[in-house]
Amino acid sequence: MKSSDNINPKLSLELYVYEENFFEKHHITDLSQLTPYLSATKKFWLNVVSLDNELLSGIADIFGIHALAIDDIVNSQQRPKLEEFENSLLLVAKMLYTKSDISRIQAEQVSFIIGKNYLISIQEEDFDLFDGVRTRLENPAGKMRKMGPDYLAYTLMDAIIDEYFLLLEKLYDKTEQLEDLIMADHHKSLLSTIYKHRKSMQEIKKVIWPTREILSAWKKSESIFLKKKTLPYVNNIYEHTVEIIENLEMQRESITTLVEIYMTNISLKQNEVMKTLTIIATIFIPLTFIAGVYGMNFEYMPELQWKYAYLSTWAIFIIATGGMVYYFKKKKWF
Amino acid sequence: MKSSDNINPKLSLELYVYEENFFEKHHITDLSQLTPYLSATKKFWLNVVSLDNELLSGIADIFGIHALAIDDIVNSQQRPKLEEFENSLLLVAKMLYTKSDISRIQAEQVSFIIGKNYLISIQEEDFDLFDGVRTRLENPAGKMRKMGPDYLAYTLMDAIIDEYFLLLEKLYDKTEQLEDLIMADHHKSLLSTIYKHRKSMQEIKKVIWPTREILSAWKKSESIFLKKKTLPYVNNIYEHTVEIIENLEMQRESITTLVEIYMTNISLKQNEVMKTLTIIATIFIPLTFIAGVYGMNFEYMPELQWKYAYLSTWAIFIIATGGMVYYFKKKKWF
Amino acid sequence: MKSSDNINPKLSLELYVYEENFFEKHHITDLSQLTPYLSATKKFWLNVVSLDNELLSGIADIFGIHALAIDDIVNSQQRPKLEEFENSLLLVAKMLYTKSDISRIQAEQVSFIIGKNYLISIQEEDFDLFDGVRTRLENPAGKMRKMGPDYLAYTLMDAIIDEYFLLLEKLYDKTEQLEDLIMADHHKSLLSTIYKHRKSMQEIKKVIWPTREILSAWKKSESIFLKKKTLPYVNNIYEHTVEIIENLEMQRESITTLVEIYMTNISLKQNEVMKTLTIIATIFIPLTFIAGVYGMNFEYMPELQWKYAYLSTWAIFIIATGGMVYYFKKKKWF
Amino acid sequence: MKSSDNINPKLSLELYVYEENFFEKHHITDLSQLTPYLSATKKFWLNVVSLDNELLSGIADIFGIHALAIDDIVNSQQRPKLEEFENSLLLVAKMLYTKSDISRIQAEQVSFIIGKNYLISIQEEDFDLFDGVRTRLENPAGKMRKMGPDYLAYTLMDAIIDEYFLLLEKLYDKTEQLEDLIMADHHKSLLSTIYKHRKSMQEIKKVIWPTREILSAWKKSESIFLKKKTLPYVNNIYEHTVEIIENLEMQRESITTLVEIYMTNISLKQNEVMKTLTIIATIFIPLTFIAGVYGMNFEYMPELQWKYAYLSTWAIFIIATGGMVYYFKKKKWF
Amino acid sequence: MKSSDNINPKLSLELYVYEENFFEKHHITDLSQLTPYLSATKKFWLNVVSLDNELLSGIADIFGIHALAIDDIVNSQQRPKLEEFENSLLLVAKMLYTKSDISRIQAEQVSFIIGKNYLISIQEEDFDLFDGVRTRLENPAGKMRKMGPDYLAYTLMDAIIDEYFLLLEKLYDKTEQLEDLIMADHHKSLLSTIYKHRKSMQEIKKVIWPTREILSAWKKSESIFLKKKTLPYVNNIYEHTVEIIENLEMQRESITTLVEIYMTNISLKQNEVMKTLTIIATIFIPLTFIAGVYGMNFEYMPELQWKYAYLSTWAIFIIATGGMVYYFKKKKWF
């Protein structure tokens, strides 16, 4: 084990060895401690919280994992995938979470290597996400003890996908907020908010589509590392991804419709503004013209001397205004 | 039957035992009463109106139903599905109805477990929906007595899908209403009405698409619980779902076109408003300018003393107005 | 034949019995007259002009037709379909025609049951559509005499599909009309005309898509009632449906483009209106201001006494106007 | 050969008989001259420049060609297709060309019948298109002599598809022209030009899509009339059609984007017009009001007598104008 | 080797002969020097920097390469492709790079011929792109020495695809720039910039889509020239192309949304301009009318003599303005 000589002295991996009537937890401080378990009949789960290339290469040497699998695990931009190698099966998934606002979705890569009697899970940082699985594994009556490492991988994937639903919930809240604002004819610009919201959806979609694909591939896979008994469970979370995708699509459509409504609202408001201007201008511009006529300084303007001229002019003003108002009423302008 | 000890004392399940020449109705008050029927040669239908996890788990224990099937039944958000388990087949469907307005569609989950000689139907609340089926089952000459539990499941699905057509009818009425309003150039904002209408369609689509999928899966299934003789009937309701989907799509397209018309109407109206303003302003602004000119107080303005000045000015006013009106007529502005 | 006892006394069905060297036409007044032909070696065509459930059930009893087939035939809303039953094959098609305007397309259901040596065609009303086929069947040298009942069904379908082309022709005329109106910058609202035109297309599409599907299914079918020798002919009309669909799609695209042009034309006109207003207002509003200034009644306004004031003011008016006109010319506003 | 008796006396068909070391050209004036070649071992190409039904039926009789094949050949609206009959294979293609402007694309149907040792090509009018192929066939060292009639068909198809590229080139030129006009903010309406351009694309697409399909079908066909050795050549022109389709799609997208830009440009211009109007009106309307105030004829207006009133009013005018200009500058209106 | 006699005297091809424990680099100056290597057991890589038809035909003669393969290599517009010939396998790829601005993407064709023990790579100009591969080939401990010529082709493709990511990076920067400009409500026209950006995406897409196809074809190919051991590596770069396509699609969507925002911003600005105009005109036009009334020169106007008339008029002015402002505030116009 030459690669295990120069590993980080602070190395500490969690190792869970289990069987129907057996459970042990070890802290691995040297990779050579792993070798005995390989040929044993007991099942085990090795949880690695590090993307250190050297460490993972050391583990790959021990378990005979293909170098490309390690490449994918270490590349934190890897698209979710399932790939079958000779000695093992690689599954790369993404945990999605958001610390505060839904518009800042963060992704954390979680990879699984499933072998004959073992599961290796690799993540960059430790999240509490897998705590529930640990507890269920400790329970001697639990199903997990009886099932193989692929079932363990399923339960971890299940935990990851449950998190997606939390995000979906937050997306819904945001969509509803936008809906309320737009329906209430909110007057500030919502464009950048809508843009960010759409980007969040896109980011979730980017993870969830390939996740659905890998679960679909799992269902159809004939790998010896994936047992048939696990399939109904995998189908269960596969359906979850289908549901999430459908809900995302529906929200996408809603947002598109909302944007249309928003733009139509702008047009409607502009129409109202225009009508106000037109009503005022159409009434007063002709009146102002008449007033202007009798403000002219011509010497020979017979009306000026007429006694009822001023009164008549006001009569004209009032009648013209009344006619205009009647016309606008008839056109349903107000 | 340890799980049957602590069930709800008010337990009361409907059990119909039937054969070509036999029909009995029982009220089950203790799950242990079910056991004798299991190995019997008679067919039976157990109708459960409850989503109580404990009760359903008790039933699952007796019939050997997979725990995941119960999970799906209890989860009232489950997407319609058909899944084949070892001992039975699960079918989850959705009843859709609306109490008042089409814009408030409600969904009620109805699940079926089809076994060798039994059908278990599970719903949350009792609807009159299945009454027709009960009556037909009581009829000794009816087809249902001769056919297996899968045919019974088909008749119940048929009843559910018939309800969809009622909703479709209401959707059509609403679309026609919108059509009339928009074509009549209705002046109030229709945007939120259209938005709600689209959401109703989306909700129906969300149920009907997977329903079509499960009926398609039924047609292709090779499960021993689904007889070949039932297939033409299943095809019949499969075609109903296809028809509903096509009609939904057509209405969706109509609504899209209507929204376009609505927006174009707004533009056309705005154009009319603008033309009114432009005509008035273009006629009177130059006239007002001329009036303003002769309202100036310069000492040396020869026109002021000219006898026909005032008359000439009016002539200019009238000629200018006539020219403008001619110009607008030529441009087909009114 | 108990069902044939109480049939309509006015019952009169056309029956054509034929073989390569044989042709007879009978009028059936009692269903029991049909029985002898069933086991005979001669081929026959029974044309039924009625959707009477009782009558059709009587026929179904005689020929062993599945009850669901009769359901589909009687339901005049049935989507075009091809379904294989044990004893026969059902084909439901739609005749499309228009009495006057293309915007009122009417559909008439025509169903076919193809058996070993017979074809039954069912329509609600008698159209002249099948007259050509009758003539060809009477011709002893014609191909139809040699071929089986599936070939007869093909010729009838061919007659139906030929009618679709007539509709397509009318659609084209309407599209061209719209094109001319929009290109000529027609000033009345074309929106409801366009809307109706789109609906006509949708209605044709609703019939033609499943018709293509059933012809495709016919081509792939392995039913014993469909001979291989008929396939090139079926392929021929299958291609017709493909052609119609492509033409519909192309017209749909044209209409979409035309609507865009229509809306852009509205924008262009509005732009022209706005420019007229802006030019007039921009020229005269400042001039009116100047006139207003010298209409003020201040005692100390030195310009008022200046001899060339009035002339200078007119000079300013003319120069300002010239400047404005130059500016608008440069901006290419007119 | 009864049908060959009454053919057109002016009948003159080109017949090329060839083998690796043999080449003869005949002018056929009577269809009975064709019979000897049928059973011979030499390959031959019959080029027919006529859609005369009688002539083609005569040829069909001799070669045992299915009547539906002749129907397709004679129908000049036939969609491009490949159909396998018992004795031969039919391929219908379209030549596309344009005499002057790209907006008037014309299509000429060219059909091929491929038999065991012969190729029949049928066109309505003689084009120079096949001259290159004739020359290559005369060349004894050429590949064409060694290969079968399907290879000959391929070379003719190759010549047809090469013409498509010329059209594509012209489309590109037109698109670029439109691009330049729109980018240069051209002021005349481009809508009808764009509409015609889109129609041209549609017409090319209508031919090229099924052409791709028939080449794809050729590649997958297991007909005995199509040799495996020809496949790489067919694949070559198949790829050409894929390339043309991709380029058409890209241009379509460009045109769509250009139309969007065109419409946005209209909006931008309208915005500019509106801003001009608003700036002028917003500055001068308030000033005109002030001038109007001091044009009032009230007896008691103290300002009128004040010595610096006129000067102060001008000061107000200038300050107000300055403020407005500053405001507009800050709003980036000019 | 007659074709090798008259090749370019300046001919100089790079030839790398290698095996697990062997490495030689030769400069080929006459094509006849290649012959000995063909039958040898050692693997070799021939790198050709020329698209000279004669030279490539000479090479094709020696290696028995199909003439169509050479056609594709020489045609610099060839769409990326993978085609299996009898003696070898052709792979045409495109290198993409940009010298300065992302809006000027350039493509360079790189072709590969994979044979039993050799790889021939053909490019038009020499790029440094393959230097890394050369270095790795010189390294005796490297994997490349052990693997076949298909693995060598994979490493070269890998180098090409790595370049695509650099372009993608630049596209992202440009998109972000556009995003910033549009969000900051930039006032100059961005339309032509957006148009060019979209064209760049289109050009990358045009190359990357068929590249994905050829890698997918490689994965599924059963050619003897492609070893199974190489597949995980090919899968690796296949996934890269999938990732690039997804990212391109996401950016495309972003751009579409940005354009919508841009257009909505124009509408919003126009709305603001209109509101400014309307507020000013609506306030001052009526006031100007009133001032005009008292500027009339009628002899009998009682108000003119009233002592508080002027004051009262100002009161009216102020109250009217206040009312208008209140109205606009209530309408949320400012």
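Labels for the chains are A, B, C, D and E, by order of writing; each one numbers its residues from 1.
We adopt the following convention: contacts are C-beta pairs under 8 Å (C-beta built on N, C-alpha and C of every residue); 3 or more make two chains touch, one makes a residue touch a chain.
As the structure is a prediction and not an experimental result, all values here were calculated from the model.
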{"item": "Any chain in contact with subunit A as well as subunit D", "value": "E"}
{"item": "Minimal step count in the chain contact network, subunit C to subunit E", "value": "2"}
{"item": "Residue-number overlap at the subunit A/subunit B interface, same or different (half cut)", "value": "different"}
{"item": "Cα superposition angle of subunit A on its copy subunit C, in degrees to the nearest 5", "value": "145"}
{"item": "Distance between chain centroids, defined by C-alpha means - subunit B, subunit C (Å)", "value": "26"}
{"item": "Where subunit D and subunit E are represented by their mean Cα positions, the distance between them in whole Å", "value": "26"}
{"item": "Residues of subunit E whose C-beta touches two or more other chains", "value": "267, 270, 274, 277, 281, 285, 288, 292, 295-297, 301"}
{"item": "Chain contact graph, described as a line, ring, star, complete graph or other shape", "value": "ring"}
{"item": "Traversal of the chain ring from subunit D via subunit E", "value": "D, E, A, B, C"}
{"item": "Residue ranges of subunit D touching subunit E (in the complex, touch as defined)", "value": "183, 232-233, 235-236, 239, 242-243, 246, 250, 253-254, 257-258, 260-261, 264-265, 267-268, 270-271, 274-275, 277-278, 281-282, 285-286, 288-289, 292-293, 295-301, 332-333"}
{"item": "Complex contacts: residues of subunit D adjacent to subunit C", "value": "66, 68, 71, 77, 79, 81, 83, 85, 187, 189, 191-192, 195, 198-199, 202, 206, 259, 262-263, 266-267, 269-270, 273-274, 276-277, 280-281, 284-285, 287-288, 291-292, 294-297, 301, 303-305, 307-310, 313, 317"}
